[in-house]
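Letters A, B, C, D, E, F, G and H mark the chains as written, and numbering starts fresh at 1 in each.
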Amino acid sequence: MEILLNGKKMEIPEKATIGELLALHKLAPVRVAVERNGEIVRRADFYTVRLAPQDQIEVVTLVGGG
Amino acid sequence: MEILLNGKKMEIPEKATIGELLALHKLAPVRVAVERNGEIVRRADFYTVRLAPQDQIEVVTLVGGG
Amino acid sequence: MEILLNGKKMEIPEKATIGELLALHKLAPVRVAVERNGEIVRRADFYTVRLAPQDQIEVVTLVGGG
Amino acid sequence: MEILLNGKKMEIPEKATIGELLALHKLAPVRVAVERNGEIVRRADFYTVRLAPQDQIEVVTLVGGG
Amino acid sequence: MMDKQLKIGPYTLSSRLIVGTGKYATLELMQQCHAASKSNCVTVAVRRERLVDKNSGRNILDFIDPKKYILLPNTAGCFTADEVVRVARLGRELLDGSGYQGAQWVKLECLGDTKTLLPEPLGTLEALKILVADGFHVLVYCSDDVMLCKRIKEAGAAAVMPAGSPIGSGQGVLNPNAIRIILEELKHNDPAYPIIVDAGVGTASDVAAAMEIGVDGVLLNTAIAGAQDPVKMAQAMALATEAGRLAGTAGRIPRKLYATASSPWEGRING
Amino acid sequence: MMDKQLKIGPYTLSSRLIVGTGKYATLELMQQCHAASKSNCVTVAVRRERLVDKNSGRNILDFIDPKKYILLPNTAGCFTADEVVRVARLGRELLDGSGYQGAQWVKLECLGDTKTLLPEPLGTLEALKILVADGFHVLVYCSDDVMLCKRIKEAGAAAVMPAGSPIGSGQGVLNPNAIRIILEELKHNDPAYPIIVDAGVGTASDVAAAMEIGVDGVLLNTAIAGAQDPVKMAQAMALATEAGRLAGTAGRIPRKLYATASSPWEGRING
Amino acid sequence: MMDKQLKIGPYTLSSRLIVGTGKYATLELMQQCHAASKSNCVTVAVRRERLVDKNSGRNILDFIDPKKYILLPNTAGCFTADEVVRVARLGRELLDGSGYQGAQWVKLECLGDTKTLLPEPLGTLEALKILVADGFHVLVYCSDDVMLCKRIKEAGAAAVMPAGSPIGSGQGVLNPNAIRIILEELKHNDPAYPIIVDAGVGTASDVAAAMEIGVDGVLLNTAIAGAQDPVKMAQAMALATEAGRLAGTAGRIPRKLYATASSPWEGRING
Amino acid sequence: MMDKQLKIGPYTLSSRLIVGTGKYATLELMQQCHAASKSNCVTVAVRRERLVDKNSGRNILDFIDPKKYILLPNTAGCFTADEVVRVARLGRELLDGSGYQGAQWVKLECLGDTKTLLPEPLGTLEALKILVADGFHVLVYCSDDVMLCKRIKEAGAAAVMPAGSPIGSGQGVLNPNAIRIILEELKHNDPAYPIIVDAGVGTASDVAAAMEIGVDGVLLNTAIAGAQDPVKMAQAMALATEAGRLAGTAGRIPRKLYATASSPWEGRING
């Protein structure tokens, strides 16, 4: 199915969880925060929340700044 | 009757106009602006608007400032 | 004969006066000061003082400065 | 005999040495420098140089400064 | 020189100096200082008529010639948007039909406290919007916060007037860098938009320096009224305003660590 | 205002600004700038006559009206006392009988090197003594070293002229504190003794600020000649000199951390 | 010396210097600069994960020891209250359960434009209220507008952080007078309330001077990361922060026009 | 960091701060301040022994450890070359064989008057030549007159020590531009030649700023001894000296009107 990840369209398996999405991109859950359709998804829920088609997902991390 | 003029109680003749009130205090209408119960009274109406008991009247003028 | 004028060698007529030297260069006496061998020659003497061979002559004027 | 010590007249024993003068004032030789009639007396000579009447003696030391 | 005149809202000023009317020992002295300042725009405050001391029946307007001066009513002494709006309307009423120009504009002052007399940004913006909607041309006294000045312009102010330093402090323009950025931001694609330094200047060189930065004018009161010789200081301010305006547009020489000769090297006899 | 005129040696100046004659694109431009500066005293340098290019037979004096201007010959470009004395005498000779005022004085410049053009104190003092003995009224360009300025006055200088900053640097008066002490020390019991800021100013506010400190005048060249619009800058300098003189003697308000109200508190309707 | 430690919200800092993590050539260099700075608090930004370049799997947190450093997430790059709140919450989410301290606070940056990066006062206040209601301890980057700083404190900010000058401009504290008044107004009856100078400092003396004014700390990034020798500059900043703190509380000598002798007069042999 | 040590004449200093010994409430306090300052070089004056009050038999040297400190005798209080030479020789005599290092050098102070304590250039140069001929390594207190500093170096001074501002005035370096040119002129082809700022600094940021300009060290007395908490200020000065030295050699960021982002733009979720 198709979702929007950080502003880019991509195909992912049906019913994938956020955790699976992160694994696909080799992202450590402890180093990211995730928004699904504008709502934050708690880290504890990464493996229970299943994505739906056209979900808009934001995955953010910490970077250098001042 | 009693009115409040610039925060001070005072007795004035029944049905006095604003113009008469100013005259009582030797104030030139052209040099003042008047508020009656929070509403500005236009200069043109000074001699037609009659005061009522307990009216709150503010008479202001221009002074030095920066 | 040869003299040194403002640091440059030049030939001038024998026994020329300073006034004649200035005239040769179209210089107005009133606009210059003259040194002969390190001594100032007064303007009044321009036409009496005669140059000698190897004289070192400086002719200066006023220019823009701050 | 009378000498002038740091600008003040004072009586000291005949033929006193500089060392004796310092001792009189409980001054440690290592902590002072001495001028006799405008000439510096080296520390090594404190006990050999004898004072004469009317000698002008300056005894200086180090003090706080910036 | 043919400098274009400063226009603010419906009014055209003949000078780039706006002066106050407060703190003068006498009204006669004020009048002389106004003349010496060469300004044709003076700011005045609105206050309750004194009903007691009739000995002084003297009104400040008797010392301001309506043919010579435009009045700029201000809202000095107000601490909330409501107070500002109320005083602004009374000021307009006072001027309307008074024979003086100035009913169409107001200098908005909304202060944060009585101690520093520094401007309160939120009340200022709130009052500004109401007064603009009510048809006023509003000149806004504010801080040198660049983004605040931008918001004030966007809200419809006729002029933005950042303080150089606190009112009456006599410290001049403490942060020329901020004023420079304000000029860049507010005059970008709108070079005629008026920026006036209001308050803080202490002496003539402060005014000249402010004008050199590129502001359109300076508003001051205490620097003249509080000087030991106010008329003399008023003359100085008139000259300094013009000097700063000219110098700021004449293309000054760059600053260098040192030195270039003013006199030529060639032709030195001792060369 | 009735300010007393500035007297230096035998000459009385109608303005407190002395301007240079160097670095101008054309002599016509110089002439316009002199007029715009309102100065009646201009400084000139002494150089060898060019004997080659007869095309330009133009002499700078053709652009300086002897009825309007006093000339101040300078010793620019000299690096030793001997050079200074030689050039000073040639300058006097040039002016004597030339129809111009200025033969009796000289601006003493004895430079330390060609890079910074900063003054050399020892050569300056040595040349000063010779020129004073020779009857010159000597205006001495020097640093803002207070004790050096004292020695220069003691040696008979007609005026002491500390640099505000290096010649042509456009940095204004970098150390006002030093100038203040110089004024205290040299004017103590001798208030009319002339102190002139010579060199370094870049724009009008620099001149106004220098005059406010209390110096008797300012001498400048590059700030005008090097500006993009020299005539405009000359006008600015004329106004700034007067503004600074007036403000410096008008008793400015003190500097404070903040704030005193310009408008009265009593009578506030929102009180 | 036994200076009390700086507490902001729930966190206690071991140093009065807060440093950034941006603009470093390498993460190793950042790590060395953090050590040299002696700070135990570093600010970090929130950005989208890069999904492409898997070559650099390096995360900044691998170079920040959770036992040594408290993280201060910031909302850099936000221009509206909504953006600020969204980023602040994501930052909290990132830190919560991450093994790092810092989930409870945020550095609020709401910028006015991309050119000057100056703070936008209205969006800042709006975002501040939402974040405070949401339980954040908010450190607010703002201008040196005194009344704005007062409103920010009143709205519940854990610390007010006026910019000394624009981000990355290296100009130091351009208006110490404003900072002084901010300290007076916000610390009145609340001396422990934290005021931090955030942004603008360029070198060690800027930091020392800021601390001497009496602020509780300094936050900087570019001054270290942008120096030619960042580790050396980090050492300098650590020392300057402490030097300024000590000097600011040691009771400095007053400024005078001149001079009092350091050495005694009595006893001079040449008296 | 491995900074090279400062060598002046035959002595090597472990710190770039030289401190005075005057104006302390007690000798014990002086001793604590010396320790806190981290300096290993202290300057002392020469005075007549007090022959009267035997109650205080205490000598300053009892509070200066000869194993820890190099003494720098000065000629404070002298107003002529003769006085300077006389006092310098007595100081040398005092140190020779005293167990203290310092007999080979002297700090030359030749003052112009008792009011400003500013240095007298002619007496200074005259005394310098005599002392150099007599084998002294001479550190010369002088003004920031660039050419005078050049002459002083040429006359054989071991170090040139321009005042930042008048002794004890606490104004810091009033003319950094002059110090910059002095550094250029005296260190050209001779980078190790020592330039020390002597006198005038008031607080830590003054010292840091002076070191950042590039001078080799700072000499101060009143700023510490006159502070309300001298030990604390001494600590501050030690840190500021090091901070300024590091920052001055770390390649600071340039000053700009505004702003470069410390955080990256790419990856902004609100982009």
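In this text, contacts are C-beta pairs under 8 Å (C-beta built on N, C-alpha and C of every residue); 3 or more make two chains touch, one makes a residue touch a chain.
Since the model is a prediction, treat every value here as computed from it, not as a measurement.
Shared residue numbers account for over half of those found at the interface formed by chain F and chain H, and the copies are therefore classed as meeting with the same residues. In terms of residue-numbered contacts, D-G and A-H present the same interface, as over half of their contact pairs agree; the other options in C-F, A-H or D-H do not. Relative to chain G, the chain whose mean Cα position lies farthest away is C.
Per-chain CA centroids place chain A at a distance of 93 Å from chain D. If you average the CA atoms of chain C and of chain G, the two centres end up 74 Å from each other. Centroids built from CA atoms put chain G at 56 Å from chain B. With each centre defined as the average position of its C-alpha atoms, the distance from chain B to chain F rounds to 63 Å. Looking at chain D, residues 6-7, 35, 58, 60, 63-66 sit in touch with two or more other chains.
Shared contact sites, meaning residues of chain E that touch two or more other chains, fall at 20, 22-23, 45-48, 74, 76, 86, 90, 116, 118, 166-168, 171, 177, 181, 199, 221-222, 225, 257-258, 261-264, 267, 269.
Checking each pair of chains for touch leaves A-G, A-H, B-E, B-F, C-E, C-F, D-G, D-H, E-F, E-G, E-H, F-G, F-H, G-H.
Contact residues on chain F toward chain G in their complex (touch as defined above): 177, 180-181, 257-258. Considering their complex, residues 6, 35, 58, 60, 63-66 of chain A touch chain H. If you check the complex, the residues on chain B that touch chain E are 5-8, 25-28, 30-35, 40, 42-43, 58-66. Chain G meets chain H in the complex at residues 1, 20, 22-23, 45-48, 50, 74, 76-80, 82-83, 86-87, 90, 114-118, 166-171, 199, 202-205, 208-209, 212, 221-223, 225-230, 232-233, 235-237, 239-240, 242-244, 246-270. Chain F meets chain C in the complex at residues 20-24, 27, 30, 43-49, 51, 54, 57, 59-61, 71, 73-74, 76, 86, 89-91, 93-94, 96-99, 167, 199, 220-222, 225.
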